[in-house]
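Going by the order they are written in, the chains are A, B, C and D; count residues from 1 in each one.
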Amino acid sequence: MSDVKDFVPKNQTVNELVKQLKLTAYNARKLAEAVDIIEEMVEDENCVKFLGLSGALVPAGMRFCINEMMKNKWVDIIVSTGANITHDIACSFGEKYIQCEPEKVDDLELRKKKTSRIYDIISPDKTSIRFESEVQKILKEIGEGNFSTYELIGDIGKRLEDKNSLVRVACDNNVKIIVPAFFDSILGLQVWMYSQDHKMIIDERKDLDFLINLHYNLKEQGKSSGVLILGGGVPKNYILQSVIIPEKPHKYVVQVTTDVPHYGGLSGATLEEAQSWGKVDEKSKLCVVYCDATIVLPIIVSSLKERIYKV
Amino acid sequence: MSDVKDFVPKNQTVNELVKQLKLTAYNARKLAEAVDIIEEMVEDENCVKFLGLSGALVPAGMRFCINEMMKNKWVDIIVSTGANITHDIACSFGEKYIQCEPEKVDDLELRKKKTSRIYDIISPDKTSIRFESEVQKILKEIGEGNFSTYELIGDIGKRLEDKNSLVRVACDNNVKIIVPAFFDSILGLQVWMYSQDHKMIIDERKDLDFLINLHYNLKEQGKSSGVLILGGGVPKNYILQSVIIPEKPHKYVVQVTTDVPHYGGLSGATLEEAQSWGKVDEKSKLCVVYCDATIVLPIIVSSLKERIYKV
Amino acid sequence: MSDVKDFVPKNQTVNELVKQLKLTAYNARKLAEAVDIIEEMVEDENCVKFLGLSGALVPAGMRFCINEMMKNKWVDIIVSTGANITHDIACSFGEKYIQCEPEKVDDLELRKKKTSRIYDIISPDKTSIRFESEVQKILKEIGEGNFSTYELIGDIGKRLEDKNSLVRVACDNNVKIIVPAFFDSILGLQVWMYSQDHKMIIDERKDLDFLINLHYNLKEQGKSSGVLILGGGVPKNYILQSVIIPEKPHKYVVQVTTDVPHYGGLSGATLEEAQSWGKVDEKSKLCVVYCDATIVLPIIVSSLKERIYKV
Amino acid sequence: MSDVKDFVPKNQTVNELVKQLKLTAYNARKLAEAVDIIEEMVEDENCVKFLGLSGALVPAGMRFCINEMMKNKWVDIIVSTGANITHDIACSFGEKYIQCEPEKVDDLELRKKKTSRIYDIISPDKTSIRFESEVQKILKEIGEGNFSTYELIGDIGKRLEDKNSLVRVACDNNVKIIVPAFFDSILGLQVWMYSQDHKMIIDERKDLDFLINLHYNLKEQGKSSGVLILGGGVPKNYILQSVIIPEKPHKYVVQVTTDVPHYGGLSGATLEEAQSWGKVDEKSKLCVVYCDATIVLPIIVSSLKERIYKV
């Protein structure tokens, strides 16, 4: 192993910063290791790339980071909470999220002003109202049927005009978006409303069909898969468990989280624990960065842009 | 407000301990306040009671606490991760979970020995194998159709012989169990396998139908709802968001969690934040205990037993 | 290792609760293991017992738990932050701490009302004023000289009339109290003020002299030492490092903390890491409970009372 | 307040990254606000600047960041744990810290190999041996007497040849280093050994004298003080409490921590809570970034270099 080397602070690019952090310690070092693993993953042409999204990253301004990853073919499949997809679609209609000071707001006042809070972000009710009317229009266009979540989200994406929408970018770049807890979101509530008088069934077996067949195929073809998990939650578990039946461990797993192992939850479970389940194996490249993803994701994507495209 | 009073340590019952903690500080005080709110909630006959379950509480030995709550009519609806339901069903077949030392195990060795780890608990592969064969039999008995998750889990519960199974106890006590991310679990994988050659659709709109109608009815009847959230994750969000369309805030909300507000995730979001969404309002009784649920749940249920039944 | 056994909730004593938790998982199990190790430690007559105190445990109502431990000879040496000693002395003059709701207070208002906040506890300025006048009187009685922190605190303890004061109880039971960051406290500020026109030197070498000689003696006599660490901080490091020069690892170490290992700080460092320093060795009994000490300490002391004294 | 704006990932400098993060959310936004406050602080010529250091930041490779701050007059007084000073002095003798994988090491093996671990860093015993022999030589040169910690550390700094040592850089730039828990460190143990047959007293009243007089003077002169706190612990409390007697609130306070408020400890206490103590007031500029300091410090210092020196 290397000696620790003192970080030299100076006017430097994000990637230069990351390169230097590799020889430090704790989560700075882990961040640098994560970038190296993700770089190897995105340059591995025989690897299908997953992105797990939990936490309200889209209203926090992380959309373009995810879009950039999709446009560069650094992601093939996104597994997300419904909230991120809801917020993205709302943004695509021109709606905005507004910064606030969580220490200073009175939440009962916010309600009276018809606004909702996500930590230090405010979303006005008018955003939800607009979201409702536009989404109901789109669902009518889509019609009726039995949909996997990736099919329905794909069908919505095609109908979004905003080229900066991550749902639209996913569509344009053949990235599938799976939302395993689909009805646990405002988008889910809209589909529920629509389905009161239309035949629309969300059939999540089909999402699983797609994923499990994918891993069987990768196994047959000697190809691999890799994952960047932002947060934890259902997306983490879903992506990791999808390889259990095909018995095809993920080759690369990077998790950015602030959850800890010692309370027994899966969100904070170590990637070593995942080895005991066969979700990864002794050859897998593993890294956990314990940090807020809003700090780490911009650094990862900026650093990779510089490494790979020099721009 | 009261003066802090020094806790007197002595041979005492769990409820006596809790009563004393009420006059201390930090999470000891919060634990005592939580018990008071839950006591008020369970004695409120005009209140529908929810329990949110995330984290692997069943393999951690928390089943009987949940069963006790159901038998006493302290819970009407459980919203859970699929993992807890999976583990409960496995236990109902006589399978066991085994303690281990996370600092000392080698996860690659565990895999070679065909065992999987959940922090300090080991589950042998034979449990999964048994789970698979028994669940496939039960699914065949259930047949085909379009099921909400509470219907399917109810239909499984009826067929479990173990009277200590929480899925069975739920069934025996008319408690509905909803699993919003159904396919994100080993039980979900089994249903997926079964559905390869049987027509079984998991239609989660029906779960939402049930819940939203329930809240509309409660509103009409001037009744209320309350929640005990163990952990966070999808169960927390799902239970809280279910009142948004009916605009009927929960009256009681207690959360036991180790997640924090300042990373922006919903799991750690404060219950004040929930006020800005109308999920609770200014009259709601709110309490967060920052603690591992394996410590808090046994204390809450033992304390309530003593308060209400003196046994 | 044992199978996990479902916890049976019922009207039961604290010790019965703890006994049952031993067969569960996560921190519930750790809490039970901690009580077993501490029981073994307190019954080990050849063991000198340390208690590390950080966090504002005294204003939180934990004094009597610590007093109980001293009266039962379960503690020989306390290493504490100065704040806990300051608060105890203030309480000994009849001053009170008052509960508050941290979500609802305005800290600028609190200042205007001449009160200071410790999370959910309020301390009025009159407490500090009383503390100042009484402590200055006591210091005048003590006179001048060169003191270790345990000598000065012992000299103060003798002069406190309140038999419930932990500083007084320490005095009455020959427990030494060491405060390694002595001037980092309101008591330290008072000594600083006093020393403006009196010759009082706090000579912390003498604390270290005492401790290091103690460990050399224990080593010679084949005796041992054990530690209960509540929180982390300076008390943890100080107690653990005191065995490095004598090369006499602690035999028992239990830590109750909410700090985590992966940010690199000593407060959250694992006790395995302490093995690499020789602070503990392969025979040491080690246990970390990740939990708020205000919940765990009352349980530990009540449980031990029942086990050892049946009262 | 501003709308959230999507972060644009690209090849960019660290400061450009920070500028963009200002319009995002959670800790990314806080990091950007922290840099703005620190920029304002370092450009405020009427402000005395403090740096609080806890956690093993020096072995983690953060020395040059701190040196850079001192050389640019961005820091006037450092309050640190003894460990950081110990490690810096060891490095100044050419000793190295080595990276390791905490998941893979066996701490009992590390001890057998005569190495100690700090999370993911290894320190060989030969470093301590060298440290001992060199420090004893230096202490002999310094001689005998009654020293504040800043005087002794200053006297050591003068004698270090390594111009990259932070203790030396402090010396060269008239930065005082105060270590309130002086004997809670290996350096403290060395002084204790030396004092076995030499008259050396560490008189920490003198540190406090210096600080409290400083704040009285600042008050008289209408000047101010500001603080960057890395971690929490004794340095945080010590710097904040030093203004209580002079009643001169700090004007700028930025804390980078991973400690949380809800367990009641001072390390995680909010800066709003500090308002109730008068440590800061309504005009103070306050910011907490919840993040590992090894990630945040290199970003802050690199960003400031670019802003202020364009290099």
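We take it that a contact is a pair of C-beta atoms (placed from the backbone, for glycine too) under 8 Å apart; a residue touches a chain by one contact, two chains touch by 3 or more.
Please read these numbers as outputs of a predicted model, since none were measured by experiment.
For the pairs B-C and A-C, the larger set of C-beta contacts lies at B-C. Comparing the contact residues of chain A and chain D by number shows a mostly shared set, over half of all numbers used being common to the two copies. In this assembly, the C-alpha centroid of chain A lies 44 Å from the C-alpha centroid of chain C. Centre to centre, using the average C-alpha position, chain B and chain C are separated by 35 Å. Residue positions 25-27, 60, 118-121, 260, 262-264, 272, 290, 292, 294 of chain A are each in touch with at least two other chains. Within the complex formed with chain C, the residues of chain B that make contact are 1-15, 17, 20-21, 23-29, 31, 59-65, 68, 96-101, 103, 118-122, 164, 270, 272, 290-292, 294-296, 298-299, 301-302, 305-306, 309-311. Interface of chain C with chain D (complex): residues 54-56, 60, 83, 102, 105, 107-108, 110-111, 115-121, 146, 180-186, 188-189, 191-193, 195, 201-205, 207-209, 212, 231, 233-234, 237-238, 241, 244-245, 258-267, 269, 272-278, 281-282, 292, 294. Considering their complex, residues 25-27, 260, 262-264, 288, 290 of chain B touch chain D.
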